[in-house]
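Chain naming follows the written order as A, B, C, D and E, and within any one chain the residues start at number 1.
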Amino acid sequence: MRSRARFIPVLVAALSGVSSLAIAAPTGTLVIAENETPENLDPANATNSTVDELLLGAYDALVQFPAGETAVSPRLAKSWTISEDGLTYTFTLRDDVVFHDGSKLTAADVKFTLDRLKAAKANVLNDIGPLSGAEVVDDHTVKLTLSKPFGPFLSALSRIYVVNKALVEPHMAEDNARQWLAVNEAGSGPYVIASYNPTEAVSLKAFDKYWGGWDGNHVAEVVFRYITEPSTQLSLLKSGEVQIAPDITVEDKLALMKEPGYVVDVGQAATPLYFDFNTASKGPTGNPKFREMLAKTFDRQLHLDQVLMGLGTLPDGPLPTSWPGHESGTELAFDLAGAKKMVDDNGWAGTTLTVRYLPAIQEEKSAVEQLQSNLAEIGITLNAEGMTWPAQAATVQKVDTTADINMIYSFPPFPDPHAILNASFNSALTGSNGGYNWAQYSNKEVDALLNEAASSADPAKRAELYKKAQVLIGKDFAVITVSYPGSVVAVSDKVEGYKYNAAHHQTFNIMDIGLK
Amino acid sequence: MRVLRRLLSFPKTNVERTAIVLGCLILLLALVGAFLVPFDPMKIDFRAKLQAPSMLHWLGTDGSGRDVLSRLLYGARLTLASTFAVIIVVVIIGCTIGIASAFVGGAVDNMLMRLADIWLGFPPLILALGFASALGASLEAAIWALIFSWWPNYARLSRMVTADILSQKFIASADALGVPTHRKVLHYVIPNAMDVMLIQIALDISAVMLAISGLSFIGVGAQIPAPEWGAMIADGRSYVSNGWWIVLAPGIAIFITAVSFNVIGDMLRRELDPTSRRR
Amino acid sequence: MASLAPPTTDRPLLEIRDVSVALRTGNRTMVAGVSLAVRPREVFGIVGESGSGKTLLTRTLLGLQDDAYVAGGSVRFNGQDLPVNGYANKARKLLGHSIGFVPQDPFSSLNPSMRIGKQITEAIYLAKGWPMGAERTREAAIGLMAEVGIPEPALAFNQFPDQFSGGMRQRMVFAIALAQDPKLLVADEPTTALDAITQRRVIELILDRSRKHDLAVILISHNLELLRQSVGRIAVLYGGQLLNIVPSGDIGQSTIHPYTEALFDCIPTREKTLADIRSIPGEPVGAGFGLKGCAFASRCPYVVTACRTTDLPQNAGTASIFSACILGRGVH
Amino acid sequence: MVELKGVAKSFARRLFVQNRSFALRDINIAVGRGEVVGILGESGSGKSTVANIITCLTSYDGGSYRFKGRDIASYTRKERFAFKSDVQIVFQDPYGSLNPRATVRGSVMESLILHRPDLGRRERIERANALLEEVGLSADAGDRYPHEFSGGQRQRVAIARAIAVEPELLVLDEPLSSLDVSIQAQILELFVRMIRERDLTIVFISHDVNVVRLLCDRVYVMNQGAVVEEGFARDVLNHPQNEYTARLLDAVY
Amino acid sequence: MRYVGQRILFSILSLCVLLFITFLLSHVVSGDPAIVAAGPNAGADKIAAVRQEMGLDRPLLVQFWIYCSNILHGDLGTSWFTRQPIASDIIRELPPSLELVFVAMVINLAVSLPLGLLTARYAGTTFDDVVRLVVMAGAGLPIFWLAIILQQVVAGQWRLLPTAGRLGFENRDFTGATGFTLLDSLMQGRFDVFADALAHLVLPAFALTLLFTAVGVRITRTAMMGEFRKDYVVLARAKGASEGRIMVRHVFANGATPALTVFGMQFGWMLGATVLVEEIFGRPGIGRYAVKAVTQSDIHAVVAVVFVVGLVFLISNLVVDIALFLLTPRKHAGA
């Protein structure tokens, strides 16, 4: 008895040792705190980071930005060719990809995905511009055609998550499967959404037939816990119930930097925060002179030093300084005395404005308070209305329901000037057209420059065009660029492999993470 | 003079005396506090943020470097003014409906009171939440929302008190004299209903205040930078780990105010309520 | 007419000497210097206007008044002394099963949520433990109900009080009070809430029971005429003072205490005409009036200065007839 | 003066309310000028409802009520108002029958304000003081509020209030029942004096046989909403014909 | 039985008023319901289609009728936010809240009834004064503030109880048939899960209940005081019944009846007050759902919450009233 008992574990160890050479089975559970609950699971809403962070694990795209990189890598697509005129992209798909239900992923699924998004008028297509159609060449070849050349097309495909046609198609009837995909998942990604309780937690479990294999250190389960309170997130991080806490206050993050057991990761984010002035308004912000005055009333340096506690970069115009095509000095510097003079000269004192913002985001609130305080000094009342993202998004759908000022983060889906400038300043993408141009900004010259830049493939030419556009935008005083905060995430030191992904801001590279 | 002497004879215990002193102090601060504030309650100074209570900032500073004491004093007016706004409107609307209902009687009375009964049943916070969400988030919306959900309290109470008064023999005496209705309302009903209303108002001050601050806390009430006490708590929530005083101070302010008015209301009930006075 | 048995010479059943009662809040003395003795089988009346202290005195003596206590004097029941210290608890323990009590308002003196039978059997059980078993207790209770004149007692046994009229309820209260086979029954204004015809029936029920079961009764009432026709002796309370103990037959006949006389002159009776009615001027003095001397002095037609300054004479020997008038009025 | 013929009243069954009083059936009551008429009955006999009908405080469903020869139903608004100064009522409960928030003088003056608009303020005050004195209260009592008075004193105020408009008919609805014995006698004496001194017709409603016997000329005995016996008080209350009246008289101490 | 009939009739009447109020909220107060229903990023053509689909071009009365029949068929609309039928969202969110309110209610009753009875019995004593002071203080504590403080101190500093959530990490996969974790865990014999769920409930339930308990003690005390003044208590004492017996056998049953009616109403009010605690304690539930819906302007979801909470309120009142009626038949048996 005794000797056998001793023998068996040895045998098991030997066997598992053999298999671990081929595949290291994912182990452990990673718990990530998140302060906003997801709307749903629909890949059509992948523009929203609380949705994207779940989809990123559950779905695959044709190409993807690996965390920490600025160029796309092949994913579902092994390789691709681009036609001379830049209008046709032909992708060769991997042949070993299976969906979570075990069926093979083919070109038909890719075509179906794109057709569905088009039919559903999905937000995620806003970034993809002139896509006109998809065509199945054979099982593993798909051809996408554009109506005109579009430089960042490949980058934009990184948020087009391919769905399982066989599963989704039966639910297309009324609403393009929006309701079905809102709570069901039809992906091929490394993780399967195991449970979805959007007010409590969402759990993803490793998919054992993942085409990419499970080499290296991975977690078997990822749980997103929805914890609104920064303080609760902090205490859960400290009690070990949570390993990643992105939403605790800057002050707490600074304190954690000095504490053993935690790592505070500061990612170089390229997500500008704007005050968008309602440029189409019949009210005071419709007046460029007035906007010029407003443009002088925000102290960015103070915001960076005291609100972000230095964890970010000082903005110089709407584009990140390090990006190609950045033009310096297009926005006015902080000059409250100058603004005061303009107010006095024009008799603007006593004006009341409204700003809408997301109170859940500490730095937005602080920025609003800062602006309120400054404007109060020059005789202008700024009322604030705290909202949640979808509610605020609903108000900008009409010019007359758009507040005088809206705070908005631009989360570029890929690191290209187009992703920021086009989304925020192209008149085709104003709030009333369903886009993120919440300044309702419309300037034909700017539109022309942006469109030309988008269809060009020459980097130098594009940079030049974007520079010109920035100058024009600056002259119209459409926005104040408030900050470029770093992506500061507090992580337990048991976590291995966390890396900030600029293309998927506020998500987590869960497929790279393991636990010590 | 008479009334004042009578009022001064009310408090019987030290708790009640303390409550009255505190209540008056809070009302006084609400009136003049805005002029006493040591710092500008709205002025942002990020360099001074999250300072613990000190000789300079007695209650510390908040996450935007504003003096908590100044905000508290300034907020006293906002908080109490909203509370009283709700109560005044609710008393006027509710009592008009209630008194009219009692006078008209019959089916109309029955219907109105059933309506009020049912209305009253719904959790005021949820009803207010629904209303506020329809109106959009602002302190005014929260005030209207509370009025919308609170009026049946007074309609019912005033209808009950009026019916009780109308059933008394001095009203029958007045009827025997042919006293006209308007005179009955003004000279008979209102003066006699006053005490009960006063008690209810005193007790409702804390309830309404808690409701308003609750709505502000949820985010459908006062908006930044208004230092409404509930909003201040909401504001300080994220700093509990490194700025506990930001949450503590307005909470204690609400607590003290609510308890003071509760004690005063209870005292008034003991002294004025005819049912408890009769031994 | 009712039994007007003369005071017997038996040893007193209840004897109280110089008893005073004070309120717990403020320690105000409400009733002072009351001495009287009730003998076995005697039907004894206590009369007084509202605020005279008659209810307070008796309830306190029975240990039933929460907000008052026996502040002085001595109480002796059935040969047993009751200490003044911690009086209420001891009184309730000692007197509970020997004295039956009937409160004034039949509409609130029955527990509305307990079946009538249960309320009676509870009294039996509390007095005797449970020696006779549930079935026999039930029979005893139904017998008692029949005895106090409840029609269909077996049916009523399982019903709730609010299904009965005031008169019926008062009978049930009697059944409860009698369930423990007491030696003394104290009835505090038992008929005030009832109509005249019911009132007469209930009083007769009490007197009948007293005769048949050798039960002593203390009947408290504001109605002097009722007592005059029902009881043997009447104690007259005014302003918390015991002014007079008088045989009922003497009222309206011979010299009695000025207050008793004045009270009798106030009441319209069958025999009187308008000319016979004489009111007492002024307002009644409440219990605990706190002045020296006689409480009635301010309204007394015979008043002299000494009435206001001299302490009232005490019924020190708990004599069966007593007048507190210093002028000697009403003293035989 | 008062003539009730076949007056009936039923109480509608309400959904949630149970009414304890009996409906009235075919009531015939006549009161002549200067008479003191008693209405005798136990609680629930309907006697108070009769009082309310006579003073027009409640309506009736059948029969007719003629006051001074004219049917009440034919009165105009104005006449109805004038009627109120002809007929007044004093209730049983002295604690509830005065407005707690008006001074005693105010309560008395209320009648004058309404029915004697010709009087000036000073005259009204003087008259009120005189009335208070008449019912045995000092003039300075007028500034005080009802709760500062005893039951008997309040009843005096209620009487002063009722006679302030110099009514011809005074309805007394159990005016003695909630008073102490010694005070009952005082108020009774006050009534006797008033009847003697003022030109008053009185309807005296009571459950107290002995008081009715003393005060009233004629009496109506009511039981369960109907008049069971009527006649001169000394006849009815000494030699009752009706079985109920006899039982009632037997029971009384 | 007539009473039960009346009570049910009254509840149906209440339901109509409830429907009316919610209709008012969603159709009149909120502006154009079509825009709301269409959700963000909807064009003018879509809004027009929605308007026709919802019958908004028809008379108000007809709209009310459509609205009522929709709701009574269990169709509470679709959340444009979660894109799910709101009814299914609410079925998911209601059990955790009811569970929380249930535990809070147990605490409430366990404290209010005995304390109310004792303070009424010993009214005017130091004990009474102290309890009343504590109660008065409890009635002035903002629920949300108390929740934060409790969480920070008891869970954060002392680490006595869990900070947030509904179940501990090790039980995160626990599911059951009813959605009530306490019930499900018992049914499956998982006492560890039961204990875990209870531990997570203690703090939020306590924060939720304190204010209601303060009111509960006061109401019980008043009701009991009224009973202690009645003569049947005197009669019971005269029988020789002990104080304990009087309190338990006589006074309690009579005084508890009016108090229990209030507790029945408190159940609904507490459910409303979950909006103040659930988010702080990171618990799923109808309150958190409501706050979310309000801040997202998901008006249909808000209206649905108002409706459902009102419905729970109606039902809990109906149950309490009928239970009281059945337990104490005296009031109506004769009628």
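Keep this in mind: a residue touches a chain if its C-beta (ideal position, glycine included) is under 8 Å from a C-beta of that chain, and two chains touch if they have at least 3 such contacts.
This one's a predicted model, so the numbers in the text were calculated from it and none came from an experiment.
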item	value
Mutual neighbours - chains that touch chain B and chain C alike	D, E
Most remote chain, CA-based centroid, reference being chain D	A
Centroid comparison with chain C (C-alpha atoms), farthest chain	A
Where chain A and chain C are represented by their mean Cα positions, the distance between them in whole Å	90
Chain A and chain B, separation of their C-alpha mean positions in angstrom	45
Whole-Å gap separating chain C and chain E, where each centre is the average of the chain's CA atoms	52
Rounded Å distance, chain B centre to chain E centre (Cα mean)	23
Junction residues of chain C - those touching two or more other chains	none
Multi-chain contact residues (two or more partners), chain A	229, 231, 235, 387
Contacts with two or more other chains, residues of chain E listed in rising order	152, 156, 295, 297
In the complex, chain C residues that touch chain E	25, 59, 62-64, 92-93, 96-97, 99-101, 103-105, 108-114, 122-123, 126-127, 160-163, 173, 176-177, 179-180
Chain B to chain A touching residues, read off their complex	42-44, 46-47, 49-50, 63-65, 136-138, 219, 223-225, 237-243
Complex contact set, residues of chain D against chain C	42-43, 150, 152-153, 180-186, 188-189, 192, 207-211, 213-215, 247-248, 250-253
Chain E-facing residues of chain B, complex	13, 15, 114-115, 117-119, 121-127, 129-135, 137, 206, 210, 213-214, 217-220, 230, 233, 237, 240-241, 244, 247-248, 250-251, 254-259, 262-263, 266
Residues of chain C defined as touching chain D within the complex	49-50, 195-197, 199-201, 222-226, 228-229, 262-263, 265-270, 272-274, 277-281, 283-284, 299
